[in-house]
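Next come two complexes built around chain A: one with chain B, the other with chain C.
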Partner chain A sequence: MTPIVELIDVWKSYDGVQALRGMNLEVRRGEIFGLLGPNGAGKTTTLKIIVGLLRMDRGIVKINGIDIREEPYEYKRLIGYVPESVSLPDYLTVEELLVYSGKIRGVPMMHIKERMDYFVKIFELEDKRRTLIASLSSGMRQKVAIVSALINDPDLLILDEPFIGIDPMGQHILKEMFGERVKDGKTVFISTHMLDTAERLCDRVAVIHRGQNVASGDLKDLQRLSRTGEDATLEEVFLRLIEEAKEMSMEKPIKEERKGFSIFFRRDAP
Partner chain B sequence: MRIHVVLDLYIFKVKTFFGALRASKASIALLLLYTLSFLLGLFSFSTPISDAIRKGVTDIDSYTELLSSVASLLMVFAVSLALRGYTVFEYEQNLIFTSPIKPREFLIADIFSNLTSLLIFANPIVIFYVMIVHSLKLSTLSALLMLSSSILFIFTLLLLKTSLSMIKSLYGGNQVNTLILAIIVILVLPAAGFIADLPLEYNSLPYPSTFLARILVKSVYSVDRLTLDFAGLSFYFLLSVLLFLSISTKNFFPTTTCIPFVSPFDTSMRMQTLQMERNIKMFSRIGMLPTLNLGSKSLLTFLMKKEVIRVIREGSLFTIIFFYLIASFIVVATSISSSQTTQSLPYTYLVTFFVGVYSLTIPLMLVSNWRFSDIGSLWIPLTSGMDLRIMVNALLYSFISISSVVPAAVISILSLIYSINPIIPLTLAVSTSMIGCPVNLYIMVGFLGMKSSGTPSILIGLASMLLSVLLLTPTYILIFLGLHLSFGDVTSWLLTVTILAYSTLIMKLFSREIKRSISRIEL
Partner chain C sequence: MNPLKALVVKEFKDLLREPQILIGIVLAPILMLGLMGGILSTTFSSVREATAGRLSIAVLDLDRGVYSSNFIDTLKRMNVSIYEVESKSIDEAILEASSRNLKLLLIVPEGFSGNVTLGVKAKLQVYSNIESFSLLSTIPSSAIQAYIATYEHILAYSLLRRVAPSIDPSFVLDPVSLDEYTVIQGSVVKAPPSIIFQRFFGQSLMLPFSMFIVVIVAMQIAATSMAKEKEERTLEVLLTLPVKRIYILMGKLAGSILIAIIGSISYLSGFAFYLSSFSAIPQEELAGLDVRAEYVKVMEIPLQGYIVIGALLTLSLIAFLSIAVGLSALADDVRSAQSLLGIVFIPLIIPFIFTLFVDVNTLPVALKILVYAIPLSYPMLSINSILSGDYFTPIVGILYLTIFTLAVLYVSAWFFESEKILTAKIKVRFMKKPEASDMYGEG
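The block that comes next holds the complex of A and B.
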């Protein structure tokens, strides 16, 4: 089956600083996929390239098999995106924003209203429907941004650090909602620093370091790859992989592929 | 009091204030441009002033009165700032107020950093002072006297403003407001007396502004008989020092008000967004009346309505109305004063001139405010897969509508009052909107696409205004011809059609370019 997200040798630099150095990634349909990595590893850059907020220098990104360079707009109808630091039009009310978000995605008004009613109730925003966004707390804004990303019932929901700033109750609702979407065959792609949450929530994860995918797979794959043992937590696995990646980054490029997971190490820029 | 702490804090504050200059080389260029343009103006001023003084001025008192009025207005401005209470920047609240720094240490560093910024911003005036001293060949004593009295006056202002702001923050309430307002009224009297006939000669009363004015004017001629004036000014300075010393030990940190901008060179979008958020909260009380029609069928209409709602809720519309109210007031006032002279200007000229001037600023303001309020949430349309051409059209059409409708309403009212033909001013207003809005948006989107977020809005505004004026030149020429050659009805309509056709061409051209540039924006 065609993966919903596929990144092949993606490079991106900002003012001469390499953010991505040949990123390879595969997200399968109907899974919760976690992108893990230390600060500055390239998580947000990867997500922004996928949703079209940044242009890659080279490489291929396919969403549902469509090359986003060849078709840069239409694929976005499949996506719902929530950035790391949520900034919304403060001058709109919650309801107006959700309608705006749905309209520009071409969602019929009937569906916008249905989904708005449903998600506003789920995320306990009912009494805020006619409140100006400027008057909401940052946690509330985060919830509104999530509902806005869900308004087109996207096949692929991409969230950058979705749990930051949301209260425990909200986090619980979010996790439940992720599970429901996966049951419906949809995909959830998150980036997070919260390794314990990722361990419980994600079907598969990718650990990235300095703009490269160090390892990806489910927890068992990563435990095997990192040689941390069957009882190792994701945190222990993560720390080992990053440590190894730091050591390996000075050595020659290695590419190793095994069944169920893959591991890539840094290749020098041409 | 720990002097080294004050010194460190002072250096830190000055570095923070001017640190924003490092965000872009363009800011430095802008500061140089500001100094040069200011200097050119002052240079043209200094020569006739020096000549007049050399030839011998008979009426020294009128010069003293004028200077005293200006100085008293400066005092009014400084004291009126105290009505907001003590304002600090966000970093000061988070970084400095959570450290063991004492209020007086902070206040002294604050006063000296304010003085430094003031002197740097007022550098053309300092250069002007040097030019005057040099061209009049003033004695060292006179020059020193002028300089020291000016510095003493500035310190008095800063100390007074600081102390009153603290009183307002610490005690608040109507009594403090009344006190500050009373001081403002007392201080404004010399300036008021200069304009209107008041029962008392306030400029001869012992105001600090009067003392300063006397020292500055008299020291040009002779340094004699200045002791009393200098003593008077020093008395006010000591009084303000005493007031400051009595209040500066109080812990006012928890009562301060946070303001978003660190300096005029601050290009941080977060700060600009914060300011916009405040505006929205203020204006939304009125702006909540119109709401987005959820049932709008066409996406273009829906997005245009959204823009109109933004302009109402963030307060831009009220600013535009306010702008035109001022313009109308100026037109009416000018027409009254010119009707009293033998050479009165035709009303059409006046209306056209003011519409021309004001219309140019409206597109700039609309586009700048769009940047501040929507750049943060631009990720929503950019990740939606929508046709961005619709977004650009919605922006342009709503901006053009807003910037045309308000002047059109004002022109219509003025035309009715003065029985003038509104066609020429109306054509100018519409043409300015049709050319100004796409040009401003094009420059703004271009800057965003180049990731020049470090460029101050004022520079973007300057570039937009210059290009707008350049492209509006044919319109201005045709309007000028229309006014001077007194065309008949048919020719006037032909002129209007030509101008509108030209404006449409420019609008189409730029809107195509904006659509190209907007897809290049990376967030």
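The block that comes next holds the complex of A and C.
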């Protein structure tokens, strides 16, 4: 089956800094996929390239088999994106924002209303429908941003650090909602630092370091790849993989990496 | 719904509800100018009432002769309320008049009648009691001057009849009359140029002024909106939507233009109300002329003129707003965007000033080229051209502005399509190297 997201040897630099060094990634349909990595590893850059905010220097990104350079707008209809720091137009009401988000994605008004009613109820925003976004708390805004990204019922929901700023009840609702979407064959792609949450929530993860995919697969795969044993937690696995990646990258000169030896350290589970 | 329409509606609502814009651009002009106009209007109404009311004065007749009695009787016939003071000295008379709340004391000095009889210039004295420095306090003095001038005329008429019964006194008093005409574009208007200029200036000032306001307001709104989107990172979500970025640019421009039009209507309504509060007698009425009908024939801008000016203004707005949005997208924050905008305001101000005070054709060639190189010169200069029946300059302007606007839109669209719209971070005082975390997040 065609993966919903496929990155092949993606490179990205800015202002002399190499953010991605031949990133390879595959996200399958109907899974919750986690992108893990330390600060500066390239998680947000990867997500921003996928959603079309940044342009890669080279490589290929395919969404549902579509090369995003060939179809730079249409593929976005498949995506709902919630950035790390949520910011919404202050002087629209919650309802106005959701209607706008739907209309701009070409969703018929009937479906907008149905989905708005459904998600507003699930995220306990019913009494905030006519409230200006400016007067909402940051947690509420985060919820509104998530509902806004869901209004076109996207095949691929991408969230950068989705649990930051949301109360435990909200986090629970979010996780339940992720589960429901996966049951419907949709995909949830998150970037997070919260390894315990990722361990419980994600079907598969990718650990990235210095703009490269160090290892990807489910927990068992990563335990095997990292040789940490069957009882190792994701945190232990993550730390081992990053440690090894650091040692390896010290052995490999940067010049060599830039020449395109991008998968020298990639260990993918089958 | 068309994505462009959804973007414009969102942009319009988000901007209009922002307190800074709602208060500063929509409400403040109409409220402040309206309030100022209201105060002036009330003042002028009081003045009019005071002028229309019966004048009450105190009179100290130290002459008690034929002509002083005649003068006082004439004032009474002209419906002036006279209180004859009993005091014998001027100081006492001032106190007496003041105690009766009379603002004017008219003194007919001793010898007034004798001087008139002998043909020697007679004198009168008026003391005005001013309690505050306001417009109202000057009215009694102005009013009595008018009554005295009337009496003077009557007296001169009567004296002339007596001295030279065969001569028409009105001829001696006003032997030459003047009918003044102005020729404009070959049409003759029965009015002096000064009055024509006042009307023309009103028209030629208001149109460029309103254009100037619309463009400046729209640019500020567009720049603030764009810079705010970037500063608060709402732009990121906007750019991930499945709409072409040129639509996002157009949505911003259209939303800003709509708000600018509302702001300008508010400003001009307030301004018009403010001007209407100066509803003194028009100059042409004072001059005894009815200029309007003839003036309209030669000085009114025809419909096609308004269409040409409208086209020029629309093109200028799109071009300058694109520049404003592009510049603000380069800026790091709202404050930097507004400072960057200052650079664009300078060429905007040049044609505005020239239109108001200088005839461009009289400028040195280099300066003339500079003025004609600035796109916003054309809508401003076109007003004068259209009034003089010249449509060549406006048509050239439309062509030039169309090319300029397309070029600016192309550059803006290219900029919007590139990732520089997210990564450019100009601060006005210095260039800051972009930081990885600013542009690409922490991950």
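Here is the rule we go by: the second predicted complex is superposed on the first by the 252 of 270 C-alpha atoms of A that agree within 3 Å, B and C clash if a C-alpha of one lies under 4 Å from a C-alpha of the other, contacts with A are read in each partner's own complex, and residues count from 1 in each chain.
Quick note on the criterion: contacts are C-beta pairs under 8 Å (C-beta built on N, C-alpha and C of every residue); 3 or more make two chains touch, one makes a residue touch a chain.
Every value quoted in this text rests on a predicted model; they were computed, and no experiment measured them.
Overlay on chain A: chain B and chain C clash in the combined arrangement.
In the superposed pair of complexes, A:201 makes contact with neither chain B nor chain C.
Judged by the touch definition given at the top, the superposed model places A:81 against both chain B and chain C. Of the two partner chains, chain B is the only one that A:135 touches; chain C does not reach it. By the touch criterion defined above, A:214 reaches neither chain B nor chain C. Legend: residue contacts after superposition of the two complexes on their common chain; A:52 is shown touching both chain B and chain C.
Counting the residues of chain A touched by each of chain B and chain C gives the higher count for C.
In the superposed model, A:90 lies in contact with both chain B and chain C.
By the touch criterion defined above, A:106 lies against chain B and chain C together after alignment on the C-alpha atoms of chain A.
By the touch criterion stated above, A:73 is placed in contact with chain B and with chain C alike. Overlap of the chain B and chain C contact sets on chain A: residues 48, 51-55, 73-77, 79, 81, 83, 87-92, 96, 100, 103-106, 132. Of all residues in chain A, those touching chain C in their complex are 14-15, 17, 19, 35, 37, 39-48, 51-55, 73-77, 79, 81, 83-85, 87-92, 96, 100, 103-106, 132, 145, 160, 191. Those residues of chain B lying in contact with chain A across their complex are 273, 276-277, 280-281, 284, 287-288, 291-292, 294-296, 299, 302-303, 306, 309-310, 313-314, 373-374, 376-377, 379-387, 391, 519, 522-523.
The touching residues of chain C, counted against chain A in their complex, run 1, 3, 6-7, 9-10, 13-18, 232-234, 236-237, 239-244, 418-419, 422-423, 433-434, 436, 439-443.
Within the complex, the chain A residues that touch chain B are 48, 51-55, 72-77, 79, 81, 83, 87-93, 95-96, 99-101, 103-106, 109, 113, 132, 134-135, 148.
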